[in-house]
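For reference, the structure discussed in these notes is given below.
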Amino acid sequence: MRILIVNGNTTQAITDLAVGEARRAATSGTEVVGVTARFGAAFVSNAAQEAVAAHAVLDALARLYRGADAAVLAISLDSGLAAARGLLPIPVVGMTEAALFTACMLGDRFGMIVLGRDSPPLYGELLERYGVESRLAECRSIERSLLGQDDALAERIAQEARTLAANCDIGAVVVCGVVFTGMASRVQAQVPVPLLDGIACGVRQAESLVRAKFPLAYRSAAGPAPGMTGVSPELAALSAVPPSPKDK
Amino acid sequence: MRILIVNGNTTQAITDLAVGEARRAATSGTEVVGVTARFGAAFVSNAAQEAVAAHAVLDALARLYRGADAAVLAISLDSGLAAARGLLPIPVVGMTEAALFTACMLGDRFGMIVLGRDSPPLYGELLERYGVESRLAECRSIERSLLGQDDALAERIAQEARTLAANCDIGAVVVCGVVFTGMASRVQAQVPVPLLDGIACGVRQAESLVRAKFPLAYRSAAGPAPGMTGVSPELAALSAVPPSPKDK
Amino acid sequence: MRILIVNGNTTQAITDLAVGEARRAATSGTEVVGVTARFGAAFVSNAAQEAVAAHAVLDALARLYRGADAAVLAISLDSGLAAARGLLPIPVVGMTEAALFTACMLGDRFGMIVLGRDSPPLYGELLERYGVESRLAECRSIERSLLGQDDALAERIAQEARTLAANCDIGAVVVCGVVFTGMASRVQAQVPVPLLDGIACGVRQAESLVRAKFPLAYRSAAGPAPGMTGVSPELAALSAVPPSPKDK
Amino acid sequence: MRILIVNGNTTQAITDLAVGEARRAATSGTEVVGVTARFGAAFVSNAAQEAVAAHAVLDALARLYRGADAAVLAISLDSGLAAARGLLPIPVVGMTEAALFTACMLGDRFGMIVLGRDSPPLYGELLERYGVESRLAECRSIERSLLGQDDALAERIAQEARTLAANCDIGAVVVCGVVFTGMASRVQAQVPVPLLDGIACGVRQAESLVRAKFPLAYRSAAGPAPGMTGVSPELAALSAVPPSPKDK
Amino acid sequence: MRILIVNGNTTQAITDLAVGEARRAATSGTEVVGVTARFGAAFVSNAAQEAVAAHAVLDALARLYRGADAAVLAISLDSGLAAARGLLPIPVVGMTEAALFTACMLGDRFGMIVLGRDSPPLYGELLERYGVESRLAECRSIERSLLGQDDALAERIAQEARTLAANCDIGAVVVCGVVFTGMASRVQAQVPVPLLDGIACGVRQAESLVRAKFPLAYRSAAGPAPGMTGVSPELAALSAVPPSPKDK
Amino acid sequence: MRILIVNGNTTQAITDLAVGEARRAATSGTEVVGVTARFGAAFVSNAAQEAVAAHAVLDALARLYRGADAAVLAISLDSGLAAARGLLPIPVVGMTEAALFTACMLGDRFGMIVLGRDSPPLYGELLERYGVESRLAECRSIERSLLGQDDALAERIAQEARTLAANCDIGAVVVCGVVFTGMASRVQAQVPVPLLDGIACGVRQAESLVRAKFPLAYRSAAGPAPGMTGVSPELAALSAVPPSPKDK
């Protein structure tokens, strides 16, 4: 099986980080390949950059999904996820989505750790869209200034996770964000409840969906509707699918 | 005062239609100019096309907002609206947002008319985001095949609006969608409750916001954060704003 | 255009304050007149007084709406608003409603400043009714003892607004309550985000609704149903409208 | 024990009907007295009339609560209920509130029967305020034209109740509205699930609250705040209570 | 009238405590009898014990409901309540349910006091199921270590109740949990708002439901469906009722 | 890896059916074993039987979880799921929970097919608890009389699934209920969207959770709290775990 990791940021190092974690989480026999956004922000950090990232994710998927059995989005807000599902004949999983649903299967409530004091509301909207906001016990944030200092960052994440485990009756902590990739397994031994990594959870969910052999080819049945101009030819072609089989 | 109408579709005729209605709705002294998306779909009709449209809207705004006092988005799902507000030092109003809030000021409940049998759930998400879903009495849809036949379309819209007025205790009907621009005023005389046009409502709200002289310059205060690559230079420059003043 | 400001309190000075702010906010050519409740509390401050104020607002509107093109309610909880809309053939706007919807068009989330430690739950119910409670970031309160000391009050409002702007990712602050009328513009220069005044927002929304020329005459089509006794003859006559056109 | 039935309509016959049912439902030893609104509509049937009824209910309570151990509101929308509770040192129960909570103790879901095709949304707001809207299985309406024809009305109510019992998994049906008073017991034998009458439920709840001897005197502790003018002297005096003990 | 108090814990002393309070709350002429769970935990304190308690409550009810006019569950989470209602031809009331609905009839908002720092989320789910979570102002907890020290416990409950009354605009405090039975009346004199005891409220609600003579026999109409094995013969017989009259 | 399938019904044939499907869905190297409830209903079909089933599920898990790496509940309402998670040091997955979260990863909305006209509300509560009720497009039911007639049942399920796919914009259909086990794969070829089987989804999720090696031993750390009496000794021992590490 072949899984495509799609980084919605333009930084190759983030792709490499995500691909590395994906390989650790995958079962033997699963091949992991990565792709980096061709345009947009080095590291998405505001709403305009996120809107462009959704386009860049679709652009990357359209060019490279052939040959892959599933895709995992390596961008914290799962940008472009719903749109990608409407286009592609293979399973597409969001890293945060996968971690959240996994957390729900480990207990009634979960905690979250995110990057940046202003991020909890953004993730609040995401949780609401997925339907799991009532299951969040508490969301704590890590200051952005720690990025790049891996030891200090790991220490802070462990500390916040222990605080969550001590204060709330939770079954897991979602360590949320592509820049935290790998941190969950790094500090797990210091925390009494499961820590969830979005990329690792995403790969495991993608593997499950591939094994189920669900029929998804109908999603990309080409239709007579005109595609887009000014975007990559692959995306233009894919997006010419009629909006729905029900209203021709 | 100068208002910029931003069409998220690539079809110039839609821009012309929207600019025409905007000019009818504007007070004397307001100048209206239009811009058409440089890339994306001729007429956005699925989620992938909508994701690209959000990028195209930001691209158009970044290039042309200078000299304008406010912008109105001429795309039914208000694509890119929240992101645009984080970037620009002028008011930005969504056409559907403006119609919905106007409807709320005309009665406890309102009706909606949308294009396409599969569209109500899409607008449901929009209403939920704006917070007004509990005020929707009923959403009815018009078949896509009527597009291009203006007389038949007008007749169908009038008929659905009368049905809504007869069945529900509503204060207004939002005639939703940029392709329906102008239809509300065209058939108003045949319907006993107010019909709302997104572009007209958007222009009136934009005028109100401009007159209030709210201080919005802080939104685009340039910061040290890196911008985007592979996008228009104007958008790259604008989006380099730090994500928030609170977490440097 | 002529706009009627309806003060649901019996204090003439509050009417004068509201009319003054309304005149500042109105465009040239708009005439503003005020009316004070004939009965009820000098300054509404509990639920029983608010119930009576709703009656007093309807009483004032019924007597004086003729000749006006729209009405704005100058009472913080928008008392009687929905009932007034069912009676009158002109637009009626609540001061808090107008400020809240305006705030929604300036950003995803807004803050609020209200009078009295026990007031936030009251406004919570109002926000829920309008549907915008999910968009409130935080509501802060000003102690009642500052009423009458305008300089100290202005200083406190500016301070709370700056706290809101610093702590939350908000697009505006609603300075809520008819006794705070004028404070928003007075302290705007000291606060980095827009401050919204209910009366000013209400006048601007009323002007927009009037300009749209929506057909509202159907609301007061006299019917055979009996009116009320023991109330003003004007209100008795107006309220004889049948409850709905749909269930005769 | 003495229970005061407060009719928010100005029709004495409705008071008589409610007092009669209240006496049937009360335990021996409970005295029931009635009072009719001094002003307002003969039978409240739109929002303006309901706003005035809330005032009339407070007016009646202020004049007559002395000597009563509890009050039950005999008006379908429980008009003035929350305000009355803030004023009076005795329990006040709404007829619809009492029926709804009683229904919740008879099963997970309940049905409702109301007067008028346009009424379900009105009751929807009431249910939302009480918090029990998720427990409503279905609300069915009876046409207004049957009022006055008691046999036909009884037959229709029985028929709708049987439909509700057959279609939904409900534990009770609330026969909602003061004009339906007495109908529940009249047709109970024809329906397989409990039918609830608001007045009967209200009296039983009022009796329970009186027997519990809850300390409520604090609600009407007179304060220095100014009362109202232009209303009955009793209401003016009562409403001079400070808005809350917490914010002097 | 005869009311059966069903203790879902296996501790006889808790049954005795509940029966004692029930007798104090009942009107003269009401006989109160108690039954203790035959299996399960001495004092239910986690989810697995609660699941077993639901079975034990049904087991006790099935064996002893004959001859009783109503039952009140003496277990804090009302374990087995909905299931019991589907089986028995008499009213069944949960102690916490009864206290919550009573609290709702004393004011817009109420406070709660529960045992154990980790309990508020458990009760949160219960409130959500009943529909009254929006009416909870605040839930405070008492440390488990005080159990058994009645004077200290009473002092702590009084203190928390006064804090709730001082901080929130509440109409009542629910003193929640079967081990707190009797505490509400013990410390009422020290607290300015009503304190509600679940057993006392449950008995009062049960008496009301019995007096209403609602037809409930249909609930236990025996059907052809097979019952259970490995449970008490009485429960096996009762549970053979068809799942619903609507889908044979 | 070894997965334990826990049938909450007492019918061995249902266990066999579930184990068979589980083996089909498992990857090679996964051993599947089944256990049947020792007491309760042959096929759970009302709330009382479901309450007993939760106990029976815990009883079976306590006796047999040792040696298993994960457990999947083979009972449609996931009875006892949350309680089991609080007791056991291995992952426990509900069959319906697993199918619902899998459906969420295949599209924005999903459909459901359940057994019995009265079942949709029961599943509604389950969806609300999991948080995914807003993602349900429509729930359709199959009449109970078809049970036992496999060909007719398969035909009806295919027909309802095609109706769901044609009417709603869904990404998957959850074929819900342990008696439908195996039907999804049997009729998949006749339906254009993925059909989800709870047992198959549950096994795949259980495998994912086992592979992640989450630390769960803390859940069953024995504590000094007393266990239960009158239940199996294994369940008594396990449930003696203190209610939470946070409130000793």
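For clarity, chains are labelled A, B, C, D, E and F in written order, and residue numbers in each chain start from 1.
Criterion: a residue touches a chain if its C-beta (ideal position, glycine included) is under 8 Å from a C-beta of that chain, and two chains touch if they have at least 3 such contacts.
Model, not experiment: these values are computed from the prediction.
Shared contact partners of chain D and chain F, listed by label: B, E. Looking across D-F, A-F or A-C, the pair that copies the B-C interface, with over half of its contact pairs the same by residue number, is A-F. Greatest centre-to-centre distance from chain E is found for B, with centres as Cα means. Comparing the contact residues of chain A and chain B by number shows a mostly shared set, over half of all numbers used being common to the two copies. The geometric centre of chain C is 53 Å away from that of chain F, both derived from CA atoms. Taking each chain's centre as the mean of its C-alpha atoms, chain A lies 45 Å from chain E. Under the contact definition stated at the top, the residues of chain D that touch 2 or more other chains are 82, 108, 118, 169, 244, 246. Taken pair by pair, the chains that touch are A-B, A-C, A-E, A-F, B-C, B-D, B-F, C-D, C-E, D-E, D-F, E-F. On chain E, the positions that touch chain D within their shared complex are 25, 27, 82, 85, 91, 93, 97-98, 101-102, 104-108, 130-135, 166-167, 169, 171-172, 188, 192-194, 200-201, 204-205, 207-209, 211-212, 214-216, 218, 244-246. Of all residues in chain F, only 108-109, 137, 169 touch chain B in the complex they form.
Contact residues on chain E toward chain F in their complex (touch as defined above): 10, 38-42, 45-52, 54-56, 58, 80, 82-84, 86-87, 116-118, 129, 143-144, 225-231, 235, 238-239, 241-244, 246-248.
Residue ranges of chain A in contact with chain C, taken from their complex: 118, 121.
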